[in-house]
Amino acid sequence: MGLLKAIKKHLTIQYVGVIVHEESCLIKTKRVKKGKTVHEEEKQFAIVSKEKLSGEVIAYLSQLQEEIEQTYIALFLNSHGQGVVPSCSKSAYQKFHIEYDHVKDICVDQKYSIYASNIDIKWAEKIFAKTGLDFIFSPFLMLDNLRKKESRRDGIVLYMLTSYNSITIMIFEKERLLYGTFINIAKEEDLLNTDFTEEITEEDDSFDEIDLDMELEESDVIADILEDVKVEADVKSSAQEEDATIKLKLFGQDLRLVKYFDASLREFYENDLYKSDFVTYVKIYDGTGLNEDIVTYLKEQLLVDVAIRKINIEDELIALAVQETEGA
Amino acid sequence: MRSRSFIQPRKKRLLDRMSSLWLGFIVLVAVGLIVFGILIHYKSSFYIKMLDNLHRQNSSEMKKVKHLQKEVTLMRMQGQLAQEVTKANEVLKESIQNMFDLIPDQITLTKVVMEKKSLYLKGYTDSKNSYTLLLEPPLKSIFTQTKVKFSKDTKGRTVFESYSTIADQVSLEDINESR
Amino acid sequence: MRADNKTLKFLIFILVFLAVVMAFVFLFVIPSIKEFKHKKAEYYQQLKAQKELSAKEKELQQELQKLQKKYAKSLESYKVPFEEKKFLHVAKRYFQNVKLTQKSVKKTESGLQIYEFTADFSAQTPVKFYQFIEAVNHMKNVVKINFPIKLEARNSNISLTFNMSVYKL
């Protein structure tokens, strides 16, 4: 096997990171030879639905694999049926009301476990049936990986990974995971804390209606229209503005992000299942280009230090794949 | 390190399809050639073994033939020898007969020494002439050289001593054979 | 770029293939075939030699038999032991005094032994001598009368002295 390894070192390894969204598919390719990157490529494809990869995508992936034998395709799992449990034991899953038999779990550092529903895994395998798939990575794994690159902080730290349409939150105390959640912020959920919402939209009544009752698309359209109106409104209520404790110019997805964030934090604090204490630091790994206002809001709302670092989800995905193949 | 992916990666081939096909093909051809070479070698070793046998057989046969050859030669020589002996004796007899026929009544021989290539005669003659006329000519005709010496014995008889020789190439036998 | 790479790879493979084939053919196949041809040729050569030898043997056997037949009598006479007494007995028919002295024994290349004798006979007339020689030729042994032959008149007899060779196996 020593000879095999020696030969392998001279071969080109191709890492393909795939992120599948509702209407598009992002594929990043990185070729490595003798530890050096020799080629990088990124392509975006339009797809009809998340249930099936388009012919274009399949052709592209097949072509990539034809060119290089040692190709590893990694998928970023962004389905909502996944999460973390602060323990690796089966009983913990029971405690947190998760059907152990319906999920696949991975124990990380012997401390906590990441899980994903079998349905989602099957979905992934199904859509990649024609091209093949090598890795399915959880966003929690990505966040944990990013977290490990930094120096450890004392106190309770909240890590958040933002990606297109989703946020991943993990709260750690030193090396111990206390809580984690993955939320798809593209849609509205019924389980929102309405009081909280009212607080935010204090300024303008119209926002109220929009946020609570409207469908995703509609609210986005109206949000766009309203943005144009926004300036006027600002001028109008400039007096009120000064009184307002919170200056909020968040619409659509941004707003949802904040709402979901608050909701999960609340869950963390209020749910007895989680050992919780006050969060002292927030670190955001931003893969989407967050609105500054969100950061400002979080700072002012939570009264904590919020650090933000821009990352590239595709690059991090490929890094995970590289780790998997080099470790093995 | 335990896997941190929800699925296991597929097994990767070391070489791409084309390379492995080529490699397989080349190896196959090489093996084929080796096998072919070995088969041929095997076939020739078959011949080598047979050759070995043959060599041995042939050498013993050769010995036999040589031996036979010798026997044949010997037998022929022996056979011919016997015949030659008989012939030689016959020729000898004739030569002696011829020689005695040569002697005229006037001459009486006392000693004859017959050699292969010479003839020594001693005897007495009533006269020198008798010898010279009667004996010498035939002697001369047979022999290449002949000399004679005359003397008188105690009884007053004319004694002659003749020595006749034949040149090397020809011998008495040959002459008598040709008669 | 990729197309070029593929073509290059393909070319390299073809070259390697040809090199391997050449190498194996020249290192293995051709020598093997040569050896095979050689050995086969040698074998058939030897086979031919065998045939020839066999024929030769047969021929010689026939020859031997022929000679055996032809020289049967002579060959037999070589086997007959030479008895001086018998010989002298025959000689006595023609001569008065008979004496035989063995001189030597030699060997011939024809595998025969030659017993050399000196004969000392005396007769009345030389005619007896011719008759004697005739008789010698009819003897069972192979006897050759050699030169020199000495005839000498002694008293009323002719003394005859000659050398004699008896050929025996």
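Details
Chains here go by letter, A, B and C, matching the order in which they are written, and residues are numbered from 1 within each.
One rule holds for everything that comes next: a residue touches a chain if its C-beta (ideal position, glycine included) is under 8 Å from a C-beta of that chain, and two chains touch if they have at least 3 such contacts.
Note that the coordinates shown come from a computational prediction; the quantities given were computed from them, not determined experimentally.
Shown here, the protein chains touch in a chain-like sequence that does not close on itself. Two chain pairs, A-B and B-C, are compared here, and B-C has more C-beta pairs in contact (counted per touch definition above).
Between subunit A and subunit B the centroid-to-centroid distance comes to 115 Å (mean Cα coordinates, whole Å). One inter-chain figure worth recording: subunit B and subunit C are separated by 8 Å, centre to centre, where each centre is the mean of the chain's CA atoms. By the touch rule above, subunit B contacts subunit A in their complex via residues 1-7, 9-10, 12-16.
Contacts from subunit A toward subunit B in the complex involve residues 4, 7-8, 11, 66, 68-72, 74, 77, 104, 106-108, 116, 121, 124-125, 132-138, 141, 320, 323-325, 327-328.
Listing the residues of subunit B that touch subunit C in their complex gives 18-19, 22, 25-26, 29-30, 33-34, 36-38, 40-41, 43-44, 47-48, 50-51, 54-55, 57-58, 61-62, 64-65, 68-69, 71-72, 74-79, 81-83, 85-86, 88-90, 92-93, 96-97, 100, 109-116.
Residues 6, 9-10, 13, 16-17, 20-21, 24-25, 28-29, 31-33, 35-36, 38-40, 42-43, 46-47, 49-50, 53-54, 56-57, 60-61, 63-64, 67-68, 70-71, 73-75, 77-78, 108-112, 126, 129-130, 133-134, 136-137, 142-145, 147-153, 167 of subunit C touch subunit B in their complex.
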